[in-house]
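Following this line, the structures themselves.
Consider the two complexes below, in which chain A is the common component and chain B and chain C are the respective partners.
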Partner chain A sequence: MNQTHRILCIGVLVRFLLPTLFPSIPFKLSTVVELATPINSYTSLQEAFFYLQHSINPYDGGVNHHPPLLVAFFGLFKSQLPDSVFLTACNLLYSVVDVIIALRLASLNRWYNARVSKKTGEPVAPLSDALMVSFYLFNPLIILTNLSHCTLVFSQLFIIESLHQLTSNTNLARAMVSLGIATYLSGSPVLMVVPVLALAYVSLPKHKWENVYIQGTVVFFMTCGLLVFISAIWTSSVAFLDQCYGVIIRFDKIQPNVGLWWYFFTEMFDFFTPFYIGVFNLFSMIFIVPLTIRFFEYEDKDPKKASVKTGDAFLAVYLCYVWMSFLKSYPTVGDFGLAISLAPIFAATVLPYCKLVYITALTLLVCLILSPIFYYCWIVLGNGNSNFFYSINLVWGGVHILVLIDFTWGQLIREYCQEHDISPEQRHVIRLTQL
Partner chain B sequence: MALAETILRAVHKHDLVPKLTRALPWISLLFSFASVIWLLMLPIDGNYRKSYISENALMPGQVTSYFRESEWNIVRGYRNELKIFEGAAIDERNAVVEGWLKDIGLKTAYHRLHDPSVQDNMYAILHAARGDDTEAMVLSVPWTTSDGEYNLGGASLAVALARYFNRMSIWSKNIIIVFSEDGHKSLRSWVEAYHTSLDTTAGSIEAAIVLEYGGDSDYFEYYEMHYEGLNGQLPNLDLLNTANLVSYHENIHISIQQTEGEKLTRNDYLTRLKTFLKGIVSLTLAGIVTPSNGCESFSGWQIQAFTIKVKGTSGGNDITQIGRVVDETFRSVNNLLEKFHQSFFFYLMLGPRYFVSIGTYLPSAALIAASFALSSLSCMLNSGFTIPHFLLNISSVLKFFVMIELSSFLLSTFLPYLVKQTTDESDKISLVNLILLSMTSLVNINSKFAFSMISFSLFFIAMVIVALLILNFSLALCIGLLAMPLQFVQQLLNSIEAKIKVFLCLFVSNPFFVVYITGGLYLEAFGYQNGTLNLMTGLLTSWDDVQCWTWFIVMLGWFPAWLSIAISCGLGDFKNQAPVSYIKKNQ
Partner chain C sequence: MIHQVIALIALICGIHANNNFYNESLSLTPLARNNLLANFNFEIKSLPKHLSYYNESNDKDSIADASHYTYFPRSIGPLLEKTNTRELHLRFAQGWWDSESWGSLPVNGSKSGGTGVEVWAVIEAPTSKEALKSWSKLAVSLSAFFCASLNFIDESITTFPINAFNPDTSSFSADPANKLFLLRAAMPSEPICTENLTPFIKLLPTRGKAGISSLLDGHRVFDSLWNSMSIDIQTECDDESEACNFKMDQSISVIVDVMRSLRKKENGPIPKPVEGDKLQCDKSRGYSVWQCFPLGLPTEITYSLRDVFGRPINGGPFSSQGVPVTVNFKAEGWDISFKDGMNKVVSLSENDSTYTILGDDEVNIDFKASDSSKTVGLQTAPLHASRSLTGYSQDKGGFRVVFENPGDSAISFVYFESLPWFIRLYLSTMKATSKGQTGTYQEVDSSEYVTLSHYQPAIDRKRPSHMELLVTVPAKETLTLHYEFDKSLLLYAEYPPDANHGFSVEPAVITVLDTNQKKVYELRTTSSLVVLPTPDFSMPYNVIILTGTVISLAFGSLYNLLIKDVITEEEFEKFAAQSKLRKLRAKIKSLKSFLKSK
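And then the complex of A and B:
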């Protein structure tokens, strides 16, 4: 039993034992605004079970926004197993999901660093598996999200699985199926299609661009279509589409969360709502393509040409994920939690060029401390108001922006150094300025 | 971006980073001083504001109150009757008053406490003629005032007011009159029961006035207004301003923070400063020091409450004027269509008509937090270790700190339990205090500790202050200022002759030492008996009695940080690892 296994065991124990010994933990945590939103909380999943048991359409009444197959999957166990066994099984399921994600992150880390070493010709030492796994499993945001039994975890599992299939397994079809499932589960991962296809283009061994893009897109939409089709048959209506995805686009369920959307729909006049829906939806996808193109890895016939070394498709995927977490309509801290746990993959490449790491970490910490306090002032004490909580949401958004700026700038410097063959000693002395 | 770049380049050109790093201890000290100076600047003209009514619907002083001389006779009548019951049990008094209130036409009910240490509470509800029974105002009369007097004037005034209110048809909010044993535990338990278990209720309470009029005098000089809530909460300033304005029209002087005599009318820098500083301290100690003023019992349920405590037995004001103040304040609150909602919850009073708003006073606590953060950074950078070294240490630092935090937690839950179990409280508490003090000095004897621990502890205090900044400004400020000597420890550690100074710093910033001093000097200066004992008992029992969490913040925020710094100083072997920057200086 090596170190990684020991860490995995402790990670599982925390996730499994705590909610098993104290069954109220998931229910209490799933009502915390920072950890779960109406569209992915465990409590609303429980509501769906209640509807199912009483033979009511779970998409009536606007309480449940989980996709039908997820409800069906859980509902099956719920109806077959006694309550206590079901809860324990749930705890086990969530623990296993996190372990799989942790292992996938470790393999992504190995792949990425091996690939960078090969591409640039300079060996980069990745962080050990044990460290990668513990960065994920002991990330407090991830632990809390997992303990709250937020269904976001499944969506994250399939996003990571998709990247894993693309990189370690070099299997485009499976990757796109995974991404399709992730999209089906929470809607917003549809934005990841663009950077993931760009990653597919460079990670698959023998390929033509037509094959990658057309095949990938087709498989992705086939998967989504199939899942929607099965769901429609199971619920014998298409009402779920509106309840699961329409809500995300139109922000119907107005409830505070850590994101940037809710304030505009709560505090503004109704006639502005269509405008804000348009702006926010547009904004949430606007940087996906530019980021992907900027860090795209172009092929060049002449391998000696410097531009071969530039670009980083995996970084583009990462930055797009951060962007998605930044402008989702119903984000939780778990979204950014995964971004934090992904960051150590770049420990030997981009991170050494990042200058704002400490500032970002401090801002993040203060944000996490003040967010529940301001919410308490607003909702419980009544001496604060929504502006208090939203101000912290803005800072939370600022943390995303800091990460985006820092990683982008770091990568630009790294590219400059590679293009101009600057020696490693010089790299940290040289100071670049954007003009 | 270009500007930032220019500045960064200038910083690099002049090699400012190492210089600044070396100056960090001084910069952090500067921040602490700046914080204190900021505080002292606030009562200067131009930094504070004159109070105003923010909610238009209140319209204070716009009505004529008919609670005049004709009602005086009725007040006298009730007072003469109640005077007979001065020595009687509270149940008897309640029964008499209940009879009167029933005769007037109010619905009465009891809040039965199955606790032998607290008497039952009696309350009566006047259902509003024009209301929808969803909102209420409370007039609370503790039988014993915070000075320990029989609240004769208050009780008779309350009954007379009930009779007077009942004849008016203008009420749109219910009026509840509560008779409790005192303003502390029994009133608090009534407020809690009202929101959880009582059957006879009258909707959500918007505002509450606690009336303390001890003795049987018809006349008084002025009244003290108390408004501090639990856990740093304050009532909406609009309510206080309303009462202030009404009293101003009645020509009654108001004392904020127990100013007396000629200072009531004086408005100069020193009186403002004194009121201001005293306000910060009493907000920190609210709920802990007994006897309390009653208004804090209403905290936490979105109720705006203040206490009217009548002072003096001779003077130009008569008892019906207090009735008019209550009446007109209730009439104003009655006008409200929504809750008190203006951002008028964060203020510090400088006088009855002057206040400092949050934007103006918050920087002082923020500066203290920044000073701790800088001090932590300085400890990290100037100790001669590199940042990676700290990062490698971080897991052991965290482990150690979690252990300290856990033991503090156990201590913080165990001590109040110990107090509850004992019959003779005073002995045990002084024993506990002694044990803690000796334990904390015992720690200073052997073993080793590092700068990372000190750095982490200072950072922890900074985060505690940040967390409390909005929630409980005064506590944040007090912890920041009182724990400040901990910042000097890191600089003193390298020389042997400074051991005494280190010990002194640690001793002065120990929470229990502070409790001892505050209780002994501050409280006793303001006429409390046995200040230290009072304060310590209050800290230990306030969570159970009134849900005040100051004890836990002290024990889980301040004490563990102090303890880890103390242990680091006691155990660290600093002779072999004298910080690089100091070595350089010596060469």
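And then the complex of A and C:
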């Protein structure tokens, strides 16, 4: 048993024992606005089981927004197992999901750093597996999200799985199927298709661009279509489309969360709402393609040309993920939690050039401390109002912006250094700017 | 004078005054603690007529012909025909019925409403969409008619009850292809007052000028501990002749605090502090200038109907028609006598407790009690129910419903609850506790007591949740149900002006069934006031500006980073030196130094 295994064991124990010994933990946590939203909370999943048990259509109402196959998957166990066994099985399932994600992150880390070493010709030392795994498993945001049994973790599992399949397994079809499932589960990962395909282009060994893009897109949409089709057959209607994805597009399940939109649409004048719904949906995808193109890894026949060294498709995936987490309709801290746990992958590449890490960390800390306090003041004590909580939402958005610009600028410095063959000693002295 | 006019109208209509088309009756019951329960009942029938399904295209003449209404209010009849309403029930109620000390509701609760206004109707229509159309038409008309905000009834508060309001009669539909739809809505925050009573009285052929309706003075009716007005209209059809007539039951029940009425009569409407020498103190306990333990309620009291309602009964409804007035009392404590205009006095006895008022003279009733605590009382209620809110935060809460069965046999009933959409109910959280003979609460499996006979979850802004539970409570047991909900945030414009006052949740309706599943008793819980989270109402522009700032900050900084060239600062200085602005500045500088040197 090596160190990684020991860390995995502790991680599992925290996730499995706590909710098994205190079964009320997931139910209590799933009502915390920072951890779960009506779209992905465990409480509404329970309600969906209740509807199934009493043969009520789970999509004829405003409580359940989980996709049908997820409900069916859980419902199957729910109906077969006694209640206490089912809850324990759930705890186990969530623990296993997190372990898989942690292991995948470790392998992504190895792959990325090996690739960078090979590409640039300068060996970069990645963080050890044990560190990578513990960055994920002991990330408090991830632990809380997992304990709240928010269904977001499944969506994250499939996003990470998709990246893993592309990189370590170099299997495009499986990767796109995974991403399709992630999209089916929570809608917004559809934005990740673009950077993931760009990553596929560089990570697959022998490839033609037509094959990668066309195959990838086709497999992705086939998966989504198939899942939707099975769901439609299972619920014998298409009402779930509106309940699961319409809600995401329309921003209309108004409940406080860490995102920017709930308060915006609460306060918005009726007649402007459709306009802003359109604008914000566009805005949420506006930087996906630019980021992907800017950090695209071009190939050149001449390996000595400087531009071969630049670009970083994996960073593009990461930045797109942060962008998605920033502008999601119903974000939780778990979305950003995964972004934090992914960041150490760049420990030897981009992170050394990041100048705002300290400020970002402090801002994040302020958010995490003040958000529950302000919410409590508003909702329970009544001595604060919604503006307090909203202000923290804005700062939360600010944290995303800081991460985005810090990583982007870090990568730009890195590219400059690579292009101009600046010696490692010079790299941290050089002062760059933009024109 | 008015009597002659009414009699004349009756004659013109060609109906004998003593008739089957109009009846009224009054029953009075003194209750413990010097309260008086008064039940006013009015029955009106229209003449039989062939009823057809009305829609925009078909004949309007059938409605224009109004000869069959006679006593039946001409204002309501065409409305029913135009909206194809086969049954209409309206309830206006206020106050809290204390079932533990008063007993069961009058007429087994079938005429009593919950707090606010409630309306349900059976509407004939080919589809539920058509039914909803007629329903909103009906609601808007009734709103204007009864001065209540029934016009706010829309899809978002309308339910189609299944077991709860079993309509007892009339499965009549004019067109056999059509279906009958039962629709219901309630407005719990509607204040009931005189402006609702006036149109109610106007429906009566006596217009409140004669008969028992002359007692109905708004100031007195609404100055009661509890009051409930009801209107029930049904369509009665003869299968052979295929002719139908409307039958309307109107009733008002009030519980009057007699002591308060007497005090008001003495002191006027504004309460005054009791003067020192008039204080009734218990002298056996500590008693001094500074100390006074008040005595209990007086049991030896005398009052008349005029004291309670402000005026006597203005004779029978029509000159030749009498009105029976029943007083339920105990002879050993009470002496009840009727006094008419000629000062003729008739005393009632316990066995013969009904007096029929005839003629046009005013009639007053004197109540004399040597011991007013001796009352016949009302039957014990078969079920006590109460519903309360749990939780303390604005974003979630729960309902705790307590059913107490005081009887000696198990009781089963339908629990109907419709909650507004902004309450996101989690029925999976339902827990039951029961207090049996042992007197301690124990958690029990809710499925042993409760079956979910119907549940339809709410849809945001479109449909309320609609739950019907079939509950059985064993003898002498108390069952408590608890379930939780989340409260949704509304949009800025959806909040009423007094948003922090809270939102009323309509009373739950409980229909007690006997072994044959027939309705035997009906009661309603109180309404509940739910406080929702509120945004800051002064913020719209600020929020647009601040959110806009954050997203433009994100856009601007990323956009710059992605499209600009990366250069070193030295290079930047060089480029900057060549810029026009720099050149201009350099020129100014040189000019300055040039001027200085001069």
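In this section, the second predicted complex is superposed on the first by the 435 of 435 C-alpha atoms of A that agree within 3 Å, B and C clash if a C-alpha of one lies under 4 Å from a C-alpha of the other, contacts with A are read in each partner's own complex, and residues count from 1 in each chain.
Quick note on the criterion: a contact is a pair of C-beta atoms (placed from the backbone, for glycine too) under 8 Å apart; a residue touches a chain by one contact, two chains touch by 3 or more.
Model, not experiment: these values are computed from the prediction.
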Which of chain B and chain C A:384 touches, first, second, both or neither: first
Larger contact residue set on chain A - chain B or chain C: C
Chain B versus chain C as contact partner of A:431, first or second or both or neither: both
Touching partner for A:369 - first (chain B), second (chain C), both, neither: first
Contacts of A:3 with chain B and chain C, given as first, second, both or neither: neither
Partner chain in contact with A:84 - chain B first, chain C second, else both or neither: neither
Contact residues common to both interfaces of chain A (with chain B and with chain C): 380, 382, 385, 431, 433-434
Chain A-touching residues of chain C, taken from the complex the two chains share: 392-396, 421, 424-429, 452, 455-460, 465, 486, 488-493, 533-536, 539-540, 543-544, 546-547, 550-551, 553-555, 557-558, 560-562, 564-569, 571-572, 575
Touch list for chain A against partner chain B, complex: 365-366, 369-370, 373-374, 376-377, 380-385, 388, 431, 433-434
Residue ranges of chain B in contact with chain A within the complex: 1, 5, 9, 12, 233-234, 300, 302, 339, 341, 343, 345-346, 463, 466-467, 470-471
Chain C-facing residues of chain A, complex: 31, 33, 38, 43-44, 46-47, 49-51, 54, 56, 60-63, 252-256, 260, 262-270, 283, 286-287, 290-291, 294, 326-327, 378-380, 382, 385-387, 390, 394, 397-398, 400-401, 404-405, 408-409, 412-413, 415-416, 430-435
